[in-house]
Each structure stands twice: as C-alpha cells, then as structure tokens.
Amino acid sequence: MEDKLNICTPENLVYKKPGTLKIKQSHYCPGCGHGTVHKILMEVVEEMGIQGDIIGVCPVGCSVFAYDYLDVDMNEAAHGRALAVATGIRRVFPEKYVFTYQGDGDLAAIGTAETIHAANRGENIMTIFINNGIYGMTGGQMAPTTLLGMESTTSPYGRDVKTMGYPMEMANLLKDLKGVCYITRQSVHKPGNVRKLKKAIAKALEYQKQGLGFSLVEVVSNCPSNWKMTPLQANQFVEDKMIPYYPLGDIKTPEGK
Amino acid sequence: MEDKLNICTPENLVYKKPGTLKIKQSHYCPGCGHGTVHKILMEVVEEMGIQGDIIGVCPVGCSVFAYDYLDVDMNEAAHGRALAVATGIRRVFPEKYVFTYQGDGDLAAIGTAETIHAANRGENIMTIFINNGIYGMTGGQMAPTTLLGMESTTSPYGRDVKTMGYPMEMANLLKDLKGVCYITRQSVHKPGNVRKLKKAIAKALEYQKQGLGFSLVEVVSNCPSNWKMTPLQANQFVEDKMIPYYPLGDIKTPEGK
Amino acid sequence: MTQESIFAGFGGQGVLTAALIVAYAGMEEGKEVCWMPSYGPEMRGGTANAVCIVSDKKISSPIIASYDSVIALNQPSIDKFESKVKPGGHLFYDVANCISKPTRTDISIHAIPASEEVIKLNFIKGLNILMLGAFIKATNTVAIESIEKALKKVLPERYHDKIPLNMEAFYAGMKHV
Amino acid sequence: MTQESIFAGFGGQGVLTAALIVAYAGMEEGKEVCWMPSYGPEMRGGTANAVCIVSDKKISSPIIASYDSVIALNQPSIDKFESKVKPGGHLFYDVANCISKPTRTDISIHAIPASEEVIKLNFIKGLNILMLGAFIKATNTVAIESIEKALKKVLPERYHDKIPLNMEAFYAGMKHV
Amino acid sequence: MGELKLMKGNEALAEAMILAGADAYFGYPITPQSEVLEYLAEQKVFERTGMVVLQAESEVAAINMIYGAAGAGKRVVTTSSSPGYSLMQEGMSYITAAELPCVICNVVRGGPGLGTIQPSQADYFQATRGGGHGDYYTIVLAPSSVQEIVDFVKLGFELAEKYRNPVLILSDGAIGQMKEKVEFFEQMPRRTVFPDWATTGKIPGKPARVITTLNIESEKMEVLNLHLQEKYNTIREKESLYETYNMEDAEYVFTGFGLVGRICVKAMEMAREKGYKVGVIRPITLFPFPTKIYAEYAPKVKGILDVEMNAGQMVEDVRLSVNGATPVEFYGRMGGMIPAPDAILEHFEKYFITGGK
Amino acid sequence: MGELKLMKGNEALAEAMILAGADAYFGYPITPQSEVLEYLAEQKVFERTGMVVLQAESEVAAINMIYGAAGAGKRVVTTSSSPGYSLMQEGMSYITAAELPCVICNVVRGGPGLGTIQPSQADYFQATRGGGHGDYYTIVLAPSSVQEIVDFVKLGFELAEKYRNPVLILSDGAIGQMKEKVEFFEQMPRRTVFPDWATTGKIPGKPARVITTLNIESEKMEVLNLHLQEKYNTIREKESLYETYNMEDAEYVFTGFGLVGRICVKAMEMAREKGYKVGVIRPITLFPFPTKIYAEYAPKVKGILDVEMNAGQMVEDVRLSVNGATPVEFYGRMGGMIPAPDAILEHFEKYFITGGK
Amino acid sequence: MAKFKGQVVIDIENCKGCELCVATCPQETLSLSKTINKKGYRYAVVVNEDCNGCANCATMCPDYAITVYKKKFD
Amino acid sequence: MAKFKGQVVIDIENCKGCELCVATCPQETLSLSKTINKKGYRYAVVVNEDCNGCANCATMCPDYAITVYKKKFD
C-alpha cells in the first residue's frame, strides 16, 4: 500500500484530463468516440497554448453540445452549415485558428456543398470529421457513410445500393481539390490510434498556422447506442468492418502524398 | 445555276434541323453554344426515336427557356436543383429516359450537393453540363469553373486563387463515385467536336437504357456576350484557354477507363 | 370513469412500456385511451415518463397538470410528481429507489418493495410490470385479463414466452396494495 | 418646370445613355432628376428604354403613365409609346427606323433624319446623341453646356476625345427642330 | 369499419400515406418526425403498393424531388420539422407557382433556430402567410388527434388534386409522438392515369408539356398571379373547416388550433363547471381561415380568448375576422411548452372576469 | 455636406456598406441585385477599408457565413432577391435566435417561383412575419428612394447593434435599378473593439463565449422566447418610423410602402387637383409597423386606400391597426407590375366616391 | 473519279450573323450580308459555287439556320 | 534493470462503465464494479497492483475519468 500511495504525486503524473476541457460530465453514451476526440483535440490545444486563439464551430449532431465541454470560444451551426459558418469567421479573423467538428450526416449529406466549396477555396480551416456511419443525434438513421448492408432505422434491412447508393468516401472525394493541403483518416478504437490522431490534429493546426489551406482530419468513430452494440463490440466493428472500407492513414499531405 | 437548283431535293438532303426542335427562334446570343447543344441533343432524340419516352429538366440559367425549343416534356427547376427534380421524376418513372441540362453555376455552385448525391446514388440520369466558365443568365459573374485570372463582373481584376479558390473540375470530382457509369468532356467549337458530342450523348442514353447509372456529358462551351468577345474570338478562347484546363475526352466509361 | 396516470423513472426502466400496456388494455375493453411519452435526443441515463389516460368518454386534452395516479420508479420522479397527484389520488414508488419518502397526507401513498421482489423472482427487468400490478390493484383501471392480452400486443413475439414471468411480477405487485 | 421623357429603341442604340446624359445635365443645373431603365436578363437584340425625369421640385413618383416627350429610335418604340405622349407633348423619331409614321395630331411630332445624318458624319454610334439634340432643342430641358459637362461624366475617359464628335451630332440634331 | 389500432401520430401519418395510394415519399430525418421515414422503410412499402421511398441528402433536395415527381403527375408527399421546413420555402414557392398537387407535413417543434424538439405552433405565420417569396397560399390542415392526422392525409390529397395546390398538414411534436386509437380507411389504388399537364413523356400529336414558374414579362406573370388569387378565393369560399363546442349559449369563446383546440375544450369543461358560459371554436383549416364563424359569433359574445403554443400568431387572423366587434385576448406558451387547461381557465378569469391585466 | 452623386440604388447600397465600416459582405448573384457584389468587387474594398467580400456558393452558404462572422462580432451584410432570400429563411431564424446583429437587403422581384425579375413587394409577409420557423421578427426598413437606401444602411447597422437583431432592408427591383441624386455620409471606421458575447477567441480568466440557439429543455427555450418578445415590444414602442403628407385636413388616406409610397404621393397630388382631400401615410419601418398613426387617423377619415405591388399583404397590418374604425380598401398590381398614379386615383374614386363595389 | 457538289439553303430570318459557318467553311462559300434582317442582324449568304456539301456550316450553326444538300457527280 | 510501477486514479462518478479501459489494459488491472454510481453505471475499479503506467486506459477513456501516475524503480 505505502509506495502505491506516494507515487500519486505531480512529478509522476503521466496522463490527466487537459485543462482546456470544462468540468462537466458529458451527455455522450458510454464508450462513444466523441468524448475521446474532444479530449485529444483539447490536449493539442493545451499543448500548443492556443486556447485563446482558436474558434470552433459545431453543427447539430450529438456533438452540438461540444461547447459544454471544449473550453474555447464556440459557435453552434445549423445542420450542414459548419463550414459556411467557419468561413465567415475565418475571413474576418485571418490570424485566428478556426476548426469545425462535424458528423458524417452533417458534412457528407446536407453539408456537401459547403464542404466542397470551403475545401476548394482552400479556406485555412481544420475540419474534424467524425465518421460513425450513422445519424446519431436523431436516433440512428442511415448516413452517406453507412456501409453496404449495414442496418439503420431508415435502412432496417441493410443499406441497399440499388436505391440508397454507395457509402461516400469524403476524404477521397476531396483529395484532388487544389485548395486542400492535408487529408488524413484516423480512429479512436485503440490507444495507438488515439495517439496517432493526436499527432494528426497537431499537424493540421501546424499547417493552418503556415496558412496552407484546408485540412480534413477524418476519425472513423463509433455509435454504440445506434449500432445496438456494447462499446467493445462497437470498436470491434470499427476494426472489422469500418476500417477495411475506410482505411486509415494520410491521404494527402502538403509534402505531396 | 440549273444543277444547283435541282440538287435541293429530299434524296440529296444531308443536314437539316431535327424535327424534335420546336419552330421558334432562340433567345440565345449570336454564336452561343447552347443552341448547338440543343440541336445535337434533339438530333439524338430523333434518331433514337425516344421523343415520347424522355423527360428533361432545365434549371434557371440562360437555358431555362430550353422548353421553348426542345419538343419533349420539360420541367424547369429552381437554381441548382435540377438533379433533385430529375431524381423525383426518375424514381417514379423508372422506364423513361431522364436528362438534365445544367450550367456550371447551377451544377457546380449552388447545386453541388444535389449533383454529388444524385451521382453517388447512381441515379439513372444523363446530365448535360454546359461549362462556359461564367454565369451567363445573370450577366457574367464568376462561376466555380471560371479560369484563374479570367475576368468576370465579380472578378473584374481576374479570378484570384487566394480569395476565390480554384476552377472546379466537376468531371474529375465525380469520377470516383461508384454510382457514376460514364463521364465525358466534349466541346462545340469545331464541327468535328460537335460530331463527337453527338456520339457521346447517344452513348450516355444507351447506357441509361441499360440502367448503368449516372452519366455526365460536360460540354466546354462559350459565352460571347459575357466574355465580351465575338463568337469567333470566343471559340478561339475555348481552344486556347478552356480546353487546356478542361481537356476533352472520356474520363470514365462503363468498360472502365 | 377516467384514470389519468403517469409512469416515470430512468430511461431503461421500462416506464413507457408499462404505460403503453395500460393503454392497450384499456383499448381491449373498448375504452378511450391516450399515451403520451416524453421524448428527447439520443441520450442515455436521462429520466423518462409517459402519461396514460384511460376513460369511458372522449378524451379532450391529453395534456394535464395533475394526475389520478403517479407511478415513480426513481427519486427524481418522486420529487417531480408528488405534488402533481390530485387530492385523493395515488402515488406508487419503489422502496429501494427512494431516498426521501413522499410526505403528502391527502393522497394514498403506496410504498412497493419492487426491486426486492423482482430480485426474488430473479427478473430484474420486471420492475415496471410489478409496479403496474400495484397500480391496477389499487385503481382497477383495467381488468387483469386485459393486461395479459395487452402484453401480447406490446411485447415482441420473441419475448412472448416471458409473459407468464411478467404476470408473476404483476401479481407480486398486486400483493402489496 | 418638370420634363418627363422616355428614350426607347433596340438594345445597343444607346437609349439608356442618352437618357442618362439628360439626367446628369439636369443634376449639373441643380435640378431634381430620376433615371429609370428597363432591365432584363442577358439577351441580345431586345428593345430597351429609359425614363428620365428632370424637375425643379422633388420628384414624387418615378413611375409615370404618360410622357412629355418620347424619343423613339425604332418602330416598336413608336408603336408602343405614341399613345403615351401627353397632349401637347413631343414625339421624336428617326425617319430611317420608321416604317409606319405616327398619326396623332394633338402632339408635336418631330421626324428626324438621324441615321442619314450620322452616316454623313460617318459616326453611326452618334444616333442617340443626335436625337438628344433634337429633344433638347424642342424642350430646352437643360442647357447645351450642361450636356457637354454631362458627356464628360457619362463617357468613359478613353472616349473623351470623341466628345467634340458627339457634340457635332448633337448640333446636327438641333438643326432639325 | 376497419379495426382500431393504437398508433403514434407520426406512424399513423406514414401508414395513411401508403393507404392513400401515394406514389412516392422523399424526406430527410429530423426530430420529432423521423418515425415517418423509419416506418415507411420498415414497411417495405415498395412491396406493399409499389410506393417508392427515398432518404434525400437534405430538405432542399427533398422538396425539389417532390417538385419533380409531382410535376410528373404522381401522388407525392414529404414531411419535416421546423428548421427543415424553413429550408423548403423556396421550393414551396415554386411548387405553388407551378400548381403542383402534393402533401407536406410539418411536425412543428419549438423555435426559433435549433431551439428545442418539443411541440410548438410557432410556424403558423410561415404556414399561413407563405414563408417563401411571392403571393401564394398553401392549404393548411391542423389535426388535433392521431385520427385527424390519418383523415387529413386523405383529405389533403383530395384538396391538393382538386385545386392543383400543395396542402400542408401542420402537426406538432406532441401529436406526432402520442399514441391514440385510430381507424384507417381502405387501401386506395395508386394512380394509373395522369393529369394531362403532367410531364409523363410527350404524347404524339399533342404539344409537349412544360412545368414552369418563369414569366419574364410582368404582364404574363400578373396573369398567373390573378389566376392564383382567383383560385385562393374559391378555396376561401368553399373549403374552410372548423369545429365548435357549446357555442349555442356561449358568452365567451376559447379558440385554438390543433392540440391546443382540444386543450381548450378541457378548459371549457372546467370553466362550465365553475358556471362560466364558455364555448370553443377550433379552426381545422388555417388557410382558408374560417373567418365567417368568428364574424358570426363576435357580436354575440363578451370576448374571445385565443390560445396558442407561440407568441400570438393565429390571434391576428381572429382579430382580422372579428374586426373590432369583440375584445380578443391572447394566452400562449413558447419554446416547446404546452398550455395546461387550468392555466387557460386562470387567464380567462384574469382577462374577462376579475378584469385584471 | 458631401458631394451629390447620381447612382443606382444597388450601387448606392454597396457604397453605403463600405462607408458604414462593414467588415464583410457574403452574397450570391441574382437579378435584380447582382450590382451590389459587382460594385464591391470593382471597388477593391479590401484596399479601401479592409472589408472582405466573398461570392458564396449559394444563398444558404451566404447567410451562414453571415451567422459566423456576425457571431464573431463583426459588422456584416448580405443581399439577395426573393428566391435567394427564401433559401435564407432557416438561417434568418438562427441569426435571430442567436441575436446576431447584421443587415440584409432583399431586392424583391415578382414571385412566386422563378417568376419575373421585375419589381415587386410580394415578400412583405415573409419580411414582417418571419418566413422562417419560430416566433421571431426582423426589423424591416422600406426605402422609397436611392437616398433612403443609403440612409437605411447606416440606420440598419445602428438598430441591429442596438438590439442585437438582424435588420432587413426591403428594397425592390425598381429602386435597385433606378438612378437618383444621393448624398453619402462620411466614411465610418471599422470596429476595433468587439461585443463581449462575440466569439473572438477566449479571453484568459473569462468564460469562453458560445453562440448557440439550442435549448433542449423547453423551460429554457421559453425563457429565450420571453426575452425575445420583450425585445420586440421595446422595438415596437421605440423604433417605428413613418412619413405623412397632407394628413392635416385629409378626409381619405392613401397608404403604401417603399416605391409605392412615393407613387401614392403623386396620386394624392392628382386627387387634390380634382378637389379630393387626400393625405398619405408611408410606413418606413414595416416591423415595427407604425400602428399608432393609423389608429390615430382612422376615426377622423372616411376611408383608407392601401396600395401595394402584391395581392394585399400590408393591408392586414393596416386593418389590424384601425381595428374596424374606418373602411380599408386595397388596390394592388402583381408579378412585377407597378401601379401608376392615375390607376390609384381611379380605384380611389371607384371605392370611395362613385361608391362602386 | 467521283466529284461531290453541295448546296446550302440559309434561313436568313433565323440567322444571327455569328459567322461560325463562314469561318468553318473549307470552300469559303459563305460570307455575311451587307444588309440586315428583321432582327437587325447581318446574315450568312452564299458567295461562290464551290460548296462540297460537307455540312460543317450547318453542324456549327447554333440557330439551325442552314440546310445542306449534296450530290455525287461522276 | 529498471522497473516501472504505475497507478491510476479513477473518477468514479464520471465513469460510465464503457469497459474500454478494462479491455485495453495489458495488466488486467481494471475491472467493473458490482455496485453502481449516482448515474446508475457500474464503474471501473483497480483489481491488482500490476499497473505499469502505460496510460492506455486513460488514453481510451471517452469520459476522461482516469489519471495515471508512473514511477521508475531501480
């Protein structure tokens, strides 16, 4: 017992919640990736010391409440319009860091035009794209990213390509746009991946600092509640089904892929 | 004189206005590509004998009046929504031919989401995409396709990539979507190209008949009035400036490019 | 006769289902019924409730400010709804889920050892049905047979083998009134 | 004094410019002015017109049903506006561009050989200015000097060398009233 | 008579579409009406009736898919909730100008903005004054029960096709989510013959059909507008619907639409118990607004209490109807709150009995 | 006083934005207002004042860019015309709920649908009743001359910032296209200090700022609504503007807003020439509507003729204002047609003199 | 060796004088008129007899104002 | 040879019992409690003393409920 107690001292601290997160329990379901991504994003903000220089935009989706957790200036956005809202901010505050945090329904369905044009204009913005293959907030409807055969409340017999089309690979769709400087796809289903995600976010903000343009950090995430799985099953599904279709890694870098 | 007169007889006829065009003088400016494309499209409809089986959608743009010329059932559409309107028709009339005829402002700006999702769903529709690098109808504002440095009423000092982004290559953007079966880029600035365009449109409708999915026939066209050029200068500009950036040819075919 | 009741508890405790069973049972008896759930965005661990009205005559307003009966499966629900029981009405609560007891004297308060009982029955999920049993015993809102019929309608096919077990819980609930 | 005039013709004949010159000239003289063009989508060869009001007092409505003067540069404009000239008002038209002559007797009609004159001057584009000359001569809406000042404002720098030529056309127009 | 079902308003709405022989549904998820699309998906409607269902990429796309399919002469329907319906306003203006029959349901939630997903009636102005541009009206039906939702889907298609005009069912989160007994009508066949204006493919020998809302010349555009206004006047004369309760001897009137209409009845019952002679007028069509019935009773009563789940919108139509003939007071709750019967009674006494305020 | 310029309404509008120290303009081309963006582009405004100008990919994007930049505390403005403004309705509802100051100008054209590009006033309902969802109002200014367009840009920003509410300038195709003499105000500096609610980047020691319109609990959402309604009432009391002409001895009133208000004055002059004692009331703010002035004169006059370029929209506010105290008749033209002074006079005589109808 | 002879008929009222046909004709058979048509446009006219019936002109015409005939002589 | 010893502190009221930490721990140091917290969740508890301070658990925790300490002993 003794030595256990006395190692809990500041000099031995190796991991703690970043100070850039507000003290409030999240509303997210147990095991939901949103919480992990929030934490990693705020770790980077803390380490870069840019808490006062960054402005975030969260559209409606489960993460619409991000402003309750991320301790930085935040703007909620209408469904799909995050990148228009962020463009408005970016254009009037060229010297700040600006990011959006969007779900797949938001970024890839209703927000398609805003996404593509912000990227094509090379808006100097970082977009964190939470791909959980579902509309979480509204109770599990099909998203553009829902896998073929995957069940959702609006594809109860599995996504049927004949009538519902193919799962959209946004990263791939955007990669040839010249305004885009960085596209990477990461995940949070294993510690190693979480650490890689952190590096990716840091890189994206670094590129933004250099004014290189639009960057997309896609996170292949989960939705235990609407996938009707336990968090562990959900992360297994990420590993077995999502990642094979949405392979991880850098898709475009300023250095050239 | 003699033999000249008597060669004007049906058996010697080699080219005439197709019967699928209404008898009405077009409102298009002298030398505008819209007229040529209308003619070619209707030649194909006449030759395939599908005048009664095809339904067209023309959104607002100079060609919003297409219904005054094309003698087939036509729906005008709100700006940017042609492919949503066409999807509505396509889904309730699976056995008909359905096409849209859209400008670059329409298809590539306000209509981006509708374009990408109709393509991704593989809607069995042919889209004729008139790329004249400008908003013609409204008097020559910048379009997503306007070339860098090109002047327009909203880029009077030339399109500046820093604030206005890059000319969008829609054909390239759409080519990896699995729902898309055929993408080709043609022009109407020379007789040979006009003839190639005709083959392309015939192909696209052939694929539609086979139910292969979405096809895009892009036409690199002109806008003498808003380019502030004579028709001949405009077609020279197409040759010298537009085509180098928007190279002609098939970009995707069902056979695989 | 009209019975305006509300079932309240944590999401997952099956309060919406319990209220729905009463509504179906009422319909079985040809009565007028109305079931109005609370609804919210996809969030776990919140509180849920459902109003159930059963009446012999046309139901005018499904929105009511006070209830004939309140069935509370957790403390927040007791706190929120005790004051909303009509004078002479009923308040049912699960002893194990209650920290501070209701105090009103102008209503009949039923402390049901529901959690305890369902553990005995080794049927944790039956908490809602057990409370339902107590409610029906005290109010006779609907007949027991109607409840049994309703269960068939409400429970998915694959759970129909569980109906006897549910009825056991139901009877156990009745015992405590 | 108030002068409500309309300049009408084919797009490209410069009717909007002619009306605008009058407006600027009126402003030069400290008068109240209003210029209202017809506008339409990007289409060539249509007809265009512009209303120009010059007045000593505040202009209430820029929308008027009849005019003191109509300056018509093509047949459609004569057909459309002859009936809209106020009794006692003026109608100016270009002889070469007129197939069927105006017939009203309660207004003064000015047949100007404008096309002919501008060909003489070898200044085809001066048609509008020439008609303007006739209009000013007959109505004295503004002073000639004001017109010259207005030309400087309306014509882009690069055409200022053409101002003398324009004035020549203007005077040529005056000759015919 | 068909068997009785216990069903959620939103599900009953979806079932009624199928039974009404709808050819297509295009919609986008939004709380509190996502059950509609979900129910249709679960029902395999294509196998049941050949109806097609598509989850659009957005509400803007959905309403334009409606425009396309309705223009092709098919029986089509969409649903949304407040923010989504706001995105459909350009489309509504087009559909109305092109005179395309269709049924839309807005399951209203509390605004403005993202607001709350709880029930509201704050979209009354948008529904009755045309939230889109131009002079147009959509026929608006306000159900107060799950049964009326079902009945109004059928009635909606009838009116839409009779007048070539969109019909809006103005529901709310509460009616959409609550379960009541409901009886359905028999399955109606899907259309097999189409109106001759519909773009179903050119018929040889006949002129090609054109669906358009464009009229460059104002003169022509005014003709279209005059035609529309004439149609709206006919609708005003012929189609206004309402329900009254105990108006025979009424000295005061409670009035409200949809769910609130029912709450008013309960409040009226409570008021009568206290001896106040209160009656209720519940408008069923919001456009056309049943102006006459108010004008008729206005001189006979001491006052009208208008109750809404908003800051006071229908009350303008009530005032326009009575034109000063009797005092009209308002009581409303906002942002997803629902006025309770006793609160209504309380405000009634405050305004008209103790004469407070 | 600054020099006089002869300028198009749309260009004057753009110049006024620059002079008012606007930080950003986001917009999308549409006739008859494209000159605004074109003028700003031609003027190299970034070099003049540091103002940024962006042609958005759509009106939906444009209004959300406004939401973002306004939320960041900047002075922002957009313009559009009817169909485009309809697409902005969801955004308007959000901006109003988030209480973001900004100025929007709708250069109205004839609807519904694609309609015509000629001038119209058919978007009055949309402008004054909130075309979007929820209980909200935008302050609406109706210019009748190029000079007023300029003045109202300045006034618009003042009111928007005073009340944290969007201000809509309701122009039309005619005012936008016509050239009149106009005098501009001095160049105002761009903002350098920002409101403390603005998301300009977290200030150490202070809580982070949040721009949101979401309130999951109805109770909270109702609080926001009550606050908004209170604000709207203050605006109703304090900010209503109008102009009257010859009302002192008036037996009849002509009333109309914007361009039509001026045409009414001309018609009034013609009527007076014929010996009719006519006055004119021209509302300048449409929200708040100048109810009092109508209520004040209603009992004193024999009737009011309301004239609009639509099928009769403002006339409802006039009737609500007079509340039956005097007959209110309506004359309107639609689809881009403009009522001429003599036609107004004619209808006046028909309704009130020869007592026809 | 076979020789082709062509002839074109121009609908001058629908011609807008864009000159695309003139420029594309391999035989320089076409030119623009001095006079204008009802719409005020100069229009295409035949200026020589060398037309070979290649139909390039008609193919290019945006106003479908040209009809082409062609006959083989041997 | 150096040996690392780690220790974790769990904020049990913020824990939602997702088990991600339990599953990722190389030392099987974590498990879920039998009892529930105020929110009604079973929560993570330390069940052995083998923690090596790798911080995998904390890295995975979506509710940032874990703090990790690590010390080198040699």
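All chains are identified by letter, namely A, B, C, D, E, F, G and H, in their written order; residue positions are counted from 1 within each chain.
Here, contacts are C-beta pairs under 8 Å (C-beta built on N, C-alpha and C of every residue); 3 or more make two chains touch, one makes a residue touch a chain.
Predicted model, so just to flag it, every value in this text is computed and none were measured.
When C-beta pairs in contact are tallied for each pair of chains, E-F comes out on top.
When every chain is reduced to the mean of its CA atoms, the largest separation from chain F belongs to H. Between the CA-based centres of chain C and chain F the separation comes to 55 Å, rounded to the whole angstrom. Mean C-alpha position of chain C lies 88 Å from that of chain G. Centre-to-centre separation between chain A and chain F, using Cα means, comes to 40 Å. Taken residue by residue, chain E touches two or more other chains at 31, 52, 54, 57-58, 60, 83, 90, 94, 98, 114, 117, 212-214, 216, whereas all remaining positions touch fewer.
Residues of chain A found to touch two or more other chains are 29-30, 60, 64, 76, 78, 109-110, 112-113, 117, 137-139, 144, 163-164. Counting only residues that touch two or more partner chains, chain D has 40-41.
By the touch criterion given at the top, residues 3-4, 7-9, 12-18, 21, 25-26, 28-36, 39, 188, 190-191, 194-195, 224, 230-232, 235 of chain B touch chain G in their complex. Those residues of chain B that touch chain F in the shared complex are 60, 64, 76, 78-80, 105, 109-110, 112, 135, 137-139, 141-142, 144, 153-157, 163-164. Here chain G touches chain B in the complex through residues 5-7, 9, 13-14, 16-20, 23-24, 39, 41, 49, 53-56, 58-64, 66-71, going by the rule given at the top.
Put simply, chain C touches chain E in their complex at residues 20, 23-24, 27, 32-37, 39-41, 59-65, 153. Contacts from chain A toward chain F in the complex involve residues 22, 51-55, 57, 60, 64-65, 67, 70-78, 81, 84-89, 91-93, 96, 113-114, 117.
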